[in-house]
Amino acid sequence: MQKVVTFGEIMLRLSTEHYLRFSQSHSFKANYGGGEFNVAVSLANYGVTSEFVTRLPDNDLGKSALMEIRRQNVSAENIIYGGERLGIYFLETGAGLRGSKVVYDRNHSGISDVEIGVIDWKKVFQDASVFHWSGLTPAISQNAADVCLEAVKVAKGMGVLITTDLNYRAKLWKYGKAPKDIMPELLKYSNVILGDLDTAFMMIGKDKVNPNYKDADSLPQFYDLFFDQYPDLKYMATTLRYSRSASHQQIGGIFYDKEKLYTATVREITPVVDRVGSGDAFMGGIIYGLVLDTFDPQYTINFAVAACCLKHTISGDYNLATKEEVEALVKGGPSGIVSR
Amino acid sequence: MQKVVTFGEIMLRLSTEHYLRFSQSHSFKANYGGGEFNVAVSLANYGVTSEFVTRLPDNDLGKSALMEIRRQNVSAENIIYGGERLGIYFLETGAGLRGSKVVYDRNHSGISDVEIGVIDWKKVFQDASVFHWSGLTPAISQNAADVCLEAVKVAKGMGVLITTDLNYRAKLWKYGKAPKDIMPELLKYSNVILGDLDTAFMMIGKDKVNPNYKDADSLPQFYDLFFDQYPDLKYMATTLRYSRSASHQQIGGIFYDKEKLYTATVREITPVVDRVGSGDAFMGGIIYGLVLDTFDPQYTINFAVAACCLKHTISGDYNLATKEEVEALVKGGPSGIVSR
Amino acid sequence: MQKVVTFGEIMLRLSTEHYLRFSQSHSFKANYGGGEFNVAVSLANYGVTSEFVTRLPDNDLGKSALMEIRRQNVSAENIIYGGERLGIYFLETGAGLRGSKVVYDRNHSGISDVEIGVIDWKKVFQDASVFHWSGLTPAISQNAADVCLEAVKVAKGMGVLITTDLNYRAKLWKYGKAPKDIMPELLKYSNVILGDLDTAFMMIGKDKVNPNYKDADSLPQFYDLFFDQYPDLKYMATTLRYSRSASHQQIGGIFYDKEKLYTATVREITPVVDRVGSGDAFMGGIIYGLVLDTFDPQYTINFAVAACCLKHTISGDYNLATKEEVEALVKGGPSGIVSR
Amino acid sequence: MQKVVTFGEIMLRLSTEHYLRFSQSHSFKANYGGGEFNVAVSLANYGVTSEFVTRLPDNDLGKSALMEIRRQNVSAENIIYGGERLGIYFLETGAGLRGSKVVYDRNHSGISDVEIGVIDWKKVFQDASVFHWSGLTPAISQNAADVCLEAVKVAKGMGVLITTDLNYRAKLWKYGKAPKDIMPELLKYSNVILGDLDTAFMMIGKDKVNPNYKDADSLPQFYDLFFDQYPDLKYMATTLRYSRSASHQQIGGIFYDKEKLYTATVREITPVVDRVGSGDAFMGGIIYGLVLDTFDPQYTINFAVAACCLKHTISGDYNLATKEEVEALVKGGPSGIVSR
Amino acid sequence: MQKVVTFGEIMLRLSTEHYLRFSQSHSFKANYGGGEFNVAVSLANYGVTSEFVTRLPDNDLGKSALMEIRRQNVSAENIIYGGERLGIYFLETGAGLRGSKVVYDRNHSGISDVEIGVIDWKKVFQDASVFHWSGLTPAISQNAADVCLEAVKVAKGMGVLITTDLNYRAKLWKYGKAPKDIMPELLKYSNVILGDLDTAFMMIGKDKVNPNYKDADSLPQFYDLFFDQYPDLKYMATTLRYSRSASHQQIGGIFYDKEKLYTATVREITPVVDRVGSGDAFMGGIIYGLVLDTFDPQYTINFAVAACCLKHTISGDYNLATKEEVEALVKGGPSGIVSR
Amino acid sequence: MQKVVTFGEIMLRLSTEHYLRFSQSHSFKANYGGGEFNVAVSLANYGVTSEFVTRLPDNDLGKSALMEIRRQNVSAENIIYGGERLGIYFLETGAGLRGSKVVYDRNHSGISDVEIGVIDWKKVFQDASVFHWSGLTPAISQNAADVCLEAVKVAKGMGVLITTDLNYRAKLWKYGKAPKDIMPELLKYSNVILGDLDTAFMMIGKDKVNPNYKDADSLPQFYDLFFDQYPDLKYMATTLRYSRSASHQQIGGIFYDKEKLYTATVREITPVVDRVGSGDAFMGGIIYGLVLDTFDPQYTINFAVAACCLKHTISGDYNLATKEEVEALVKGGPSGIVSR
C-alpha cells in the first residue's frame, strides 16, 4: 500500500449545537480539523497509510490534537512542536435559509511561524508516494508559504506525486500577499490540482473565464488553458456544488486528464448534517483513486463525489465513511434501508 | 433613531429537546419569550431603541426573565414588579407529519392582574415614536385588557404611532369575554394592524369573507371593508403561511396602504428549526420598515417576510438575525454558502 | 375493551445522538424496545388493555426494562425472570444518503434460553382476545421458537385471535435453522399476518413471485396463493415502503381479507426522526382496527399507515401517538400547525 | 403483604443542573415528586403494595406524572382527573455554604380544588392496612384540607392505621388558615406521627418546649405531653438532622411508643447529592417497619435513619434504594467498596 | 447610590465539564469573565450602579460578551470596539489532590493594543465615585499599562476613589516588563489595595517580609512599611487562603486602615464548586463596604470574606450571590437548610 | 526507553452520569477500559513505550475500542480480531454512603474464546522488557487462561520481566475453575506481584494470615511465606485502601523486595471522582518505577501511591496524569492551587 503525506494546519473547531447561533451558545462542541488533515483521515479510513505533518503548540490543546491524529490512525511521526497557540475556528451551523458562519481565530498559531529547515522533509517523504498540500497553508503567513515551497521542492526531487487543493478563503491571505504573489511558484510542482477554473485562474493572476459546468463539452478548452501554464500538471478536478440552501446541496464532479473529461452524476443531499470538510472528502476520494494500482479516472471521480456526499451526513471536519460505504454509494443509489 | 415600546407578557418557555414528546422528556430547555417581547428583540437587533413594558413577579424566575430582557438590549426601565407567578408555556417541537404542541400554564401571572394607574404611561411614551401591542394581552384577563386600553389612549394622546398584531389564540380568551367584546374599542387607536382578514373581521364581530390570498387583485376590496371601520388605520399587513408539514412551511406577505397592495414572493422553508415567534419576527420587520426615514412599503413587506423566514431557522422565541442578514436574504435568494 | 397479549424480547437500545457515527460517540441514549413490545405500547396508547410476556434477567438492566414496561401502561404480570443478560442493540442513526446501522448484541439473552412449561399460558390468555407474536422470536433460538409454538397452541385452544408480523432479519436466524424450518408450523395458527408477499413465501420455503404493489388489481392472486396454504388465515397486510433516503420515506399499505384488497394512500415522510419500530407501529394499527367493535378494513389500513407515518417522527422504538392523533392524520393531511 | 395508601400532591420538579443558580440555567431537569408520593415509592421499592391517590390535570404534564407513578410500581387506580394545572416546584441545588432554594409554583393545581365526595375512599381503603397523609396537603387549600379530613374519617372507620408526617413549610399555609386551625382535628385520627416536638406543639397551638434531643432521657416527658392530647396516637418519631452545610448533614432518629424511647446512631452524610425528600424516605422507613409482621421498634428506627441517609445520595425526590440496600447499611457501616 | 467603574479585560472562558481533563473533553462550557468585570458584576448584584470599560473585538464573540455584560446589569456604555480577537482562557477544573489548570490563550486581544486617547475617561468618570483596576491589565501589554495610567490620572483628577487588586499572575507579564517596572507608578494613585504583603512588596521591587498572617498583632508593622511608600493609600486588604486541596479551601481576610487591623474568621469551604474569581468576589465585597454610607471596616471585611466563600459554591467567574445572601452568611454560620 | 507489553481484555464501559442510579439513566457515558489496558495507558502517559495485546470483535464497537487504544498512544500492532462481541460493563457511580455498583456483561467476548497459537508472542515480546498480565484474564475462561500461560512461558523464555496484578473479582471465575486451580501455575513465572497477602494466599489455595498492615514490622514474615513458594518472585507490592465512604478513601502502599519493606504515607482522597482503575494506576506506577534506569524502591512505592491517588480524581478507567503531575504530588502535598 502506498503512503500519502499531507502538510498543513490542524485547528480546534468549536461549534454551536443544534443550529444555535453564537449568541445563544453556552457550550461548544470541540473537534479538531483542517483541510489537509481531513484529507489524511479520509485516506486512513480507506486503508491507505497516511501521515500528517504540522507544528503543534506544546500545551494541553496541542496534545489533545495529537491524540486525535493518532485516534484517526494517521501517523504523527514527523510533527514538530512549538509556537504560541493552537489555531481555533468557531462554527455556527446554519439551516435552510440561514447559512453557516465561521469566525476564524487562527492567527499566531504554531504553523504560522514555522521555519524553513526545521522539518526533515527527506525523512518525511521516505516511502511516500503522494504529497498533498492546499492553498490554505500559504494563505496563513509568509513562513508557512516558505515551508510549503520547501516541501514541494524536496517532494519533487524524490519523485513523489504532488496534489493540491486550491482551497481559496477570502478571510485568509491577510499577511500582505495575494494568491497571485505566491501560488504560481508553488503550483509549478503540482501534478494534480483540485479547484474550479476561475479560482485557479485568479490564483495565478489570470482573468476569469466563466465556464458553464453544465456543458461538459465546452470545458476542456478552459482546462487546457490552465494546463498550458503548468507542464507538470497531469490531472485537474473540480467539485461541482449547487447550494440550494444550507440544508440542501447538490454535488457533482469533473476529472480531466488532458485527454478526456470524466463527470459524475450530480447527487441530491438533504438534509446537510455538516458540510465543512466536504471538499476535503472530495480531495481524499481523488487521491484514493490515484493511489490504487487499478487507477481508473471514471471510478476516481465517482468515488470522490460519493465520498463528498457522505461527508455531508457526518458531523465534524472529516469523512468517517469507509471504503466499502463509499463504494456502496457509488454502485447503488441512496437506499436509506436500516442495516440490521 | 426612533424608539419603539411594546407591552405584553414575557413567559418562561420550557421546550423538549430533539423532537422528543412531553412524555419522553427528562429535561426542558429554558428560554423566555412572548409575542410583544419578541417584537422588541427584533427591533433591538436591527438597531432600533427598544423598550418592553410588563409586570414581573418578584422571584428568581422573574429576575431571570429580566436578565434576558437586558441581554437582548431591550430597555426594562418601566417594568413593574409583583404578582403571583411567571407565566409558563411548555412546547413540544413536532417534525414532518407531527405538529408542534403547546401546553399553556400562564394563568395567574404577574401581567394577568396588573392594574390601571400603576404603570406611568406618560413616562413610558416619552421619546417613543411607536407603541406596539397584540391581541394576546387583552386575551389574558379583564385587567390586562383594561391596562392595554389605558396605554393606547395615552399613546394616542402623545402622538405615538400604534401598531397591533391581532394574534388570535383559541386557548386564550377564557375569562368570559370574546374578542368582539374587547377588540373593537382597542383597535380604534391602531394605525397599523397585522393579521389575516377573517381573523380581523371575527375580532370585531363581523362575518368571514374568505378572501383568496393568491389573487392579489381581489384583496383590496376586503381590506377596504375593514379600513372603513377604523378611520385611524393607515396600514394593514397579512402574513401568508402555507403549512406543508411541521418541517416545511411557505411564507409570503401582504402590505396594504389603502392605495396599493404590496406583496412579497412566497419562500420555501425547510427544515423548520423553530417556528414559534415567526409571526412576531414578521411584525418586527413591518415596524422596522415603518420607523425608517426612508419608509418604503415594498421594502417593508420584503423585509418582514425575509425576517419571518430567517426566524424559522433560529431556536427560541425571537429572531436573532441582524439587519444585515435580513437584507441579504431580501436581496439574494438562499445561498447556503458557509461564510468563511 | 379487549385485551391483547404480545410475546417476545425487549432489549436495551443504545443509540448515538445527533447523527453521530459509532466511532464518534462518547455517550449513548438508553431506551428499551423490541418488535412485540412496541406493538403492545401502541395498543396501550390507543386505550386497549395490553400485556407483554417475556423473560427478563434478574439484574438492574432487567429491572429498568420492567419499569419502562410499567411506565407505558403495559401489564408485566406474567413476565418471568432469569437468564444471563438483557439483549442489547446499538443504533447509529443515519441521514440523507447514509443509512442507519444496527449492531446486534442480543445473543445469550433471557428470552434465548426460555424453556417450555415455564410460562403459564393458560393464565396469560385468560380474558385475552388477541395474541401477537412476530418472526423475531423464533429467529433467536430453538428454545424461543419452541415456546412460541407452545404459546400459539394454547392461544388457539382458547379461541384467541392470533396475529403475526413476519419481521425477517437477515442478521438473526443464526442457530442452525432457516425460517422455512420453523415458520410453516407456527404460521398454521395465525389468523392475521403482516408482511410482504415474497418474505412470506420465502419463510414457508416457496419461490418469490415479485408482485407489483403499485398495480393493486394484480395482487389478490398472489395473496390467494398464500391463503391457500393456511386455512385459518383471515387477513393479510403489507406495509409499502419506498425508501428515498434515510431522511425521506414514503409509506402506504395493503389489507386483504380474501374478498377485497384495501389500500391506503402513500404518504411522504420527511424528515425521518427515527424509523426503527415503524413496522411495529403499523402492526399496532392493524390490531387496533381488528379489536374495534366497529371493525372496518379500510379504516384499519388507513389507521395503520397513519400510525406508521407518525412513528417516523418520534424517537425511540415505539409509537407514542394517541388514538386521537392518529385519527387526525387519517382524516386530514399534514397541517404542521402549532396546537396552541 | 399489606397495602399502604398515601394521599397528596405530585408535582413537576424542575431543578438546575450541576449546582447552577436559577439565573444561570438554560435547562431544567424534569422529575416528579411530592411528600406523600415519595413515601409511596419508598414502600414499593421495599416490596410493599403501594397506592397513591391524587387529582391530576388532564393534560400532557398530568399524563407524564401518571406514567412516572406507574413506572415506580405504585398503583394509580384511584387517581382522579381534573383541575387547571400540575403544580411545579423549581429547585436550585446548593453546595457547601450555599443552601438549596425552592421556588414554589404550585398554586391552582388539580389537588388544590379537589372536592369532597369525588374520591371513593371506601374503594380506596379496601384491603389497605395503612393510610398515610402529611401536613403538606391541608396546607394547600381548604378544599384539600376538607378532603384530607374526609379520608381520615373513612380510614378510621375501616380500621386502617393512619400515619402522618407533620411536614411544616412556612411558604405554604397561605389560604387564610394557620396549622392550629386545621391540624388539631385531623391529628385526632393519627396513630403514628413523624415530626419534631416543637413543630408538633406549634401545629396544635401549644407553646414550644425546646427539647434537647441529645439528652434522650429528658425526651419522654415532652412526647408524653403530646400523647396526652391524642388518645389514638400509638407512636411518635422524630428525624434528627444536624445541618453542617448544604453538602454535609448528620442524621439520627427517635422512635417513641409511650413506653420506651428508641434512638438510632447519628450518621455522617457527605457529600449530599440531593436532600429533598429525605424526610419522606425516613417516613417510608417507619411505615415499612410498622407493616412488617415482625415489627420491632429498634429495627424500625434504624431502618428509617438508614433509608433517610441513602436518600441523600440519590437524585430526585424519592428513595430508590432497595430493602436489601437499606438493610446492608443498617447492619454495616459505610464501606464505599465497589460491588463487582 | 454611588457608581463604580472597573476597567480591564473580559475573556471567553472555556471550561471542561464534570472534572474532565482537557484531553477528555469533547465540549467546553462557555462563560465570560475577567478579574475587573467580575468585580463589576458583584457590585451590580449588591445594587450598586456598576460600569465596565474595555475594548471588544467587533465579531460574534465580542457581541456575545457584550450581551453577557448587559445581562449582568453592568453598564457597557463606554466600551470601545476593535482589535483582532477576544481573549480566551481554557479551564480544567480539578478535584481533591488534582489542582485546577488554566491554559491562557489571551494574547492579541482587543484590550492588548488599546491606545491612549481613545477612551473618553472624563465621560467615563462622570458621576463615578470609585474606579477599580487590577494588576492583570498592566500585565497584558505596554499599551494596556499606558491606558491604565491614563485612566488613574483622570480619575484622580476628578476626585474618584481608586481601588486596586494586585492580582499577580506568573503566566502574564510577558511583554518585556516586570511588575516593578510598571506598578510603582500606577500604585501611587491607589487609595485601596487588595493583595498579600509579599506580592505587594515584590511588585514595587522590594524584598519579601514573610509575615505570619496568623499572628494579627505582628502585621501592622509590615503594612505600615507599604503605606509609607504611598501617601494616598488609605486602606489595604488581604485575602487569607489556606488551600487544603482543590476541593477544600479555608478563607479569611484582613482589612487595615493604618490605625487598626480588622480580621474576619476563617471559614471552611468544602466542596469547592468553582474557585476562579473568588478573589474578585472578595474585592467586590471590599468595595461594597466602602461605598456604603455606613462604611464600617469590620463589616467590610466580614462581607468580603463571606462573599468570597459564597463564590466558591457558584460556577463561572463571578459571584451571583445577592447582598441579602452574603449578609445572611455574615450573620449566621452555614445552615445548609433548604429554603422552602 | 524500555517497552512494556500488557495482555488482557478491553471493554466498553457504560456509566451513569451525575450519581444517577441505573434505573434513572436515560443515557450512558461510553468509555473503554480494562485492568491491563489501564496499566498500558499509565505507562504511555509516563513516556514508556507501551503495547496492548487483546482480541477484538470485528465490528464498530471493536473498531471504536481500537481507536481509543491508538488515541492513548498505546501500540495496537499485535491485536488480533474475531469473536462474538465486545465485553461491556455497566457502572453506577456511588456517593457517600452508597457504594458504586458494577453490572458485568462481559461473557462471550472476543478474548474469552481466544485460542492458543493465534497470537505471535515471539513477535510481541521482541524488544519488550516487561510483560504485565493480571488475574482478570485467567478468570474469564479456560481459553483465556491457556493463552495467558502460553504468553508467560514465551516471555520467560525471552528474558522479559513478568509483572502480575492479582485482581480478584468474585463475580468472575464462573467457568468451573477456582483461582487455586489456575493461578499457582501462572504465578510461577511472575517476577513482580501486586496484591494483598490474603488474596495471594487464597489464590494459591493457602489459608488467610490476616496481616496487620498498620504494623509494618510484622509484615515481612508473611510476605516471606509467599516468596518461599515462588523462587522467581523478586518484588511484591500491596495497595492499602481504607474506604471511609464511596466519596472518601485513604490510600497507602507497600513494596517489599525480600530484604526491606518500603511504605508510602497514607493519603486522604475526598471527593472521589472515579475510583475504578485506581488499582491499575497503582500497578502502572510500580512498573514505571521498575523500568527506570534509576530504579529505587522507595521512589517506586511513593510514585505508585501518588498515581493511584490522582486516578481517583479522574473520570474513566485510566490515569491521565503525566509523570510530572505524579512527581509533583510525590514531592509536595496537595496544594489545590490553580495553575495559571
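Each chain carries a letter (A, B, C, D, E and F) given by its place in the written order, and its residues are counted from 1.
Convention: contacts are C-beta pairs under 8 Å (C-beta built on N, C-alpha and C of every residue); 3 or more make two chains touch, one makes a residue touch a chain.
Here's who's who by UniProt: A, B, C, D, E, F = Sugar kinase.
All values derive from a computational prediction rather than experimental measurement.
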Of all other chains, the one whose Cα centre sits farthest from chain E (Sugar kinase): C
Length of the line joining the C-alpha centres of chain B (Sugar kinase) and chain F (Sugar kinase), rounded to whole Å: 63
Computed distance of Cα centres, chain E (Sugar kinase) from chain A (Sugar kinase), in Å: 45
Per-residue multi-chain contacts in chain E (Sugar kinase), two or more chains: 18, 23, 26, 67, 101, 271-272
Chain contact topology (line, ring, star, complete or other): other
Chains grouped in pairs wherever the two touch, ordered by label: A-B, A-C, A-E, A-F, B-C, B-D, B-E, C-D, C-F, D-E, D-F, E-F
Touch list for chain A (Sugar kinase) against partner chain C (Sugar kinase), complex: 17-18, 267, 269-273, 309-310, 312-316, 320-321, 325, 329, 334-340
Partner chain A (Sugar kinase), residues of chain E (Sugar kinase) touching it in the complex: 14, 22-23, 25-31, 59-61, 63-64, 67, 84-86, 88, 90, 92, 101, 103, 105, 107-108
Residue numbers on chain C (Sugar kinase) that touch chain D (Sugar kinase), as the complex places them: 67-68, 70-73
Complex interface listing, chain B (Sugar kinase) residues touching chain C (Sugar kinase): 18-21, 23-24, 89, 94-102, 104, 169-171, 243-249, 271-272, 275-276
